[in-house]
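A quick write-up on the structure given underneath.
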Amino acid sequence: MLSQIPTYILSGMAITIAVTLVALPMGFVLGLTFALLRVYGGKFLSAIMAAYSTIMRGVPPLVLLFVLYFIISGVINLTPFWAGSLALGVVSSGYQLEIIRGALCSVGSTQMTAARAIGMSRAKAVRYIILPQALRLIIPSWSNEASVVLKDSSLVSALGVAEITRKSQLIGASTYKFLLAFLTAALIYFILVFLTNRLLDYVERKTRIPGFSHHSTL
Amino acid sequence: MSEWFTLFSNSLPEFWKGTLITLLLTSTGLGIGFLLGIPAAVIRIYGSKYLRWLAIGYIELFRGTPALVQLFVIYYGLPDMGITLDRIPAAIIALGLNSGAYQAEYFRSAIQAIGHDQMMAARAIGMSRIKAIWNIILPQAMRLVIPAWSNEPVSLLKTTAIAFLIAVPDLMTKAKMVATRTYDPIGAYLAVAVIYLILVVILTAILEYISRKSRIPGFDLEIEAQRST
Amino acid sequence: MDKYILEIQNISKRYGGNVILKDISLNVREGDTVVIIGPSGTGKSTLLRCINLLTRIDTGKILLDGKDITTKNVSEDEVRQHVGMVFQNFLLFNHLTALDNVMIGLTKVRKMPANQAKEKAMQELRRVGLADRASHYPGQLSGGQQQRVAIARALAMDPRVMLFDEPTSALDPELIGEVLEVMRKLAEEGMTMLCVTHEMGFAREVADRIIFMEHGVIVEEGPPAELFYRPKFERTREFLWKITELYGKHKDEEKPGDTST
């Protein structure tokens, strides 16, 4: 049993990473879509998206996870891993919506005007002028969101997903070394969060527009 | 829909008790976090080398790991060292330590936004460092921090739901009990979702009011706020 | 009257490889107004900051009322109470009203009772002509008013010497006059002052002595009449020319370096 612990922990870590890698892009796709609707979608859609954002950000992620988990598994038969990851993605979409909306607004209407002035359609202006700038702007906030999702992935342990927190619980229960088990989990999260932040710092530096420093306070 | 309202109204007494526990966790956690956050921020900026590393270590470790794991370390792990805590104190301490790290960063950006100049001006009329921090830097930082700091009570309120995982009888735990009793998990969790949402909306309104009231006339500086679950 | 209030003896200061002050010596008598001029980045501000101990000198000595303030066992905070400092960008405490800005040094540093401190602070605000703005916050005052409050804040500590570090260079032109007026009044009242400024009109009228500094050394010093009209060194002459063109305040016959006057 003892000799299996390292592989056990590593498999937990792999699942933690996998949950994050499902939830984060999913939150991004939903968040981006909803943000575009929020900003350019007209009164009705905009209001719906505002409500969506308020609800997603006003309810604890753990509570939302449970609600979504039971809804999802009531509709289709998914493993806890998929149901949990997708639910986490939906939770994140509310926050990513706000991040992207902030960036869209701060790129501003002047850029839109300029694009329309050279004959671009609204959709084209968003696609070629607004988004390329906005997506660069969101990187610092998005980096923060990535580590939030990584840390929130610990919550899916409550749904029985065998990620690192769940594995540590099981190891603790079988070896009676809870402190060691959870400190190990903490250390792994810390390293993962650290690496995520460094990676996204790097991405931000690489994608910066030369000579254009836009200090956004998203 | 009407079934759901029946579930909701039948469970109201339970939800009320759960709400009180949730609010207890939020307020005490916030208070402890406040008392830890200010010195941690001040030390991180003005402390000697070793003290500074201590503050950085505390802040970064608690911000870089999930609150849930911190809670498990304190509730399940500390008994290995002979420290056994009841559920509620364990939850309060974990939430307080976690919130303190985030609050420290809010205070730090506020203190840094005020800048060296104010410190220099205070030193120039003969104030000691400590006096300058206490009389000049902190009073300004405390006002400046409010818009960004306003996120913390709401954020912490949402984080308290993890106490459910060590069976603290908070709102979330009540939801689980109702779900088991009624065989309607979606209805039960939806009900507490609504309650959390109401609490968040009320808390946000109160904080916005305070934020408006506390502005220094003619003095505007904004500092950054980020989600900190 | 012959006693020096401030004696600066051979002080030097370097940052990294850059020598900011090189063997500077300067004596100031009680009631003197000394104006320091020179190109920017030549150590004028650093000199003032050294006197207020906001910057520590590397070598040399500074005596205030005959007492060495640069030795280790002297309390910086104690010294600073006797050396008032006015900054280029005012640096009022943003969270305090004008009155509280002037009061806080009295109550927190001097431990004066609040009512007594208030009275004294109001007196200083009257001195700079701002008694009616006592309850305004810095953000509600014009730049000129803020700087006058900053002067009152320094005066409240009853300093032996007042240091002015380009007190008008952050101000819009129309606000400069009111600050210079306050300074002129202070000089007349007999306050000992060291001013770094580019206001040549003020220097000429108010200063007892002008000091021209360049590259961390005192190039030349003397009474205004001498330094402005009969500068000994070419560098001084050049600087005065440039500053005159920039500010355009001299009349033709007062052309610096013109020895016919």
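Read from first to last, the chains carry the letters A, B and C; within each, the first residue is number 1.
Everything below uses one rule, namely that a residue touches a chain if its C-beta (ideal position, glycine included) is under 8 Å from a C-beta of that chain, and two chains touch if they have at least 3 such contacts.
Computed from a predicted model, the values in this text were never measured in an experiment.
Undergrad: Imagine the assembly minus chain B, everything else where it sits, and name the touching groups.
TA: Chain B out, touching clusters read A | C.
Undergrad: Counting C-beta pairs in contact, which chain pair ranks first?
TA: A-B
Undergrad: From the centre of chain C, which other chain's Cα mean sits the farthest off?
TA: A
Undergrad: Of the chains present, which has its C-alpha mean closest to the combined C-alpha mean?
TA: That would be chain B.
Undergrad: Roughly how far is chain B from chain C, centre to centre by C-alpha average, rounded to an integer in Å?
TA: 47
Undergrad: Rounded to a whole Å, what is the gap between the Cα centroids of chain A and chain C?
TA: 56
Undergrad: Taking each chain's centre as the mean of its CA atoms, how far is chain A from chain B in angstrom?
TA: The answer is 21 Å.
Undergrad: For chain B, which residues are in contact with chain A within the complex?
TA: Residues in contact with chain A: 61, 64-70, 72-73, 76-81, 157-162, 164-165, 172, 175, 185-186, 189-190, 192-193, 196-197, 200-201, 222-229.
Undergrad: Within their complex, state which residues of chain A touch chain B.
TA: Of all residues in chain A, those touching chain B are 54-55, 58-64, 66-67, 70-71, 74, 95, 141, 144-145, 147-148, 151-155, 157-158, 165, 168-169, 172, 176-183, 185-186, 189-190, 193-194, 217.
Undergrad: Hey, which residues of chain C end up touching chain B in the complex?
TA: Touching chain B: residues 52, 54, 76-81, 84-85, 87, 89, 91-95, 104-105, 108-109, 137-140, 153-154, 157 of chain C.
Undergrad: Within the complex, which stretch of chain B touches chain C?
TA: Answer in residue numbers: 114, 117-118, 120-128, 131, 135-136, 139-140, 143, 216-220.
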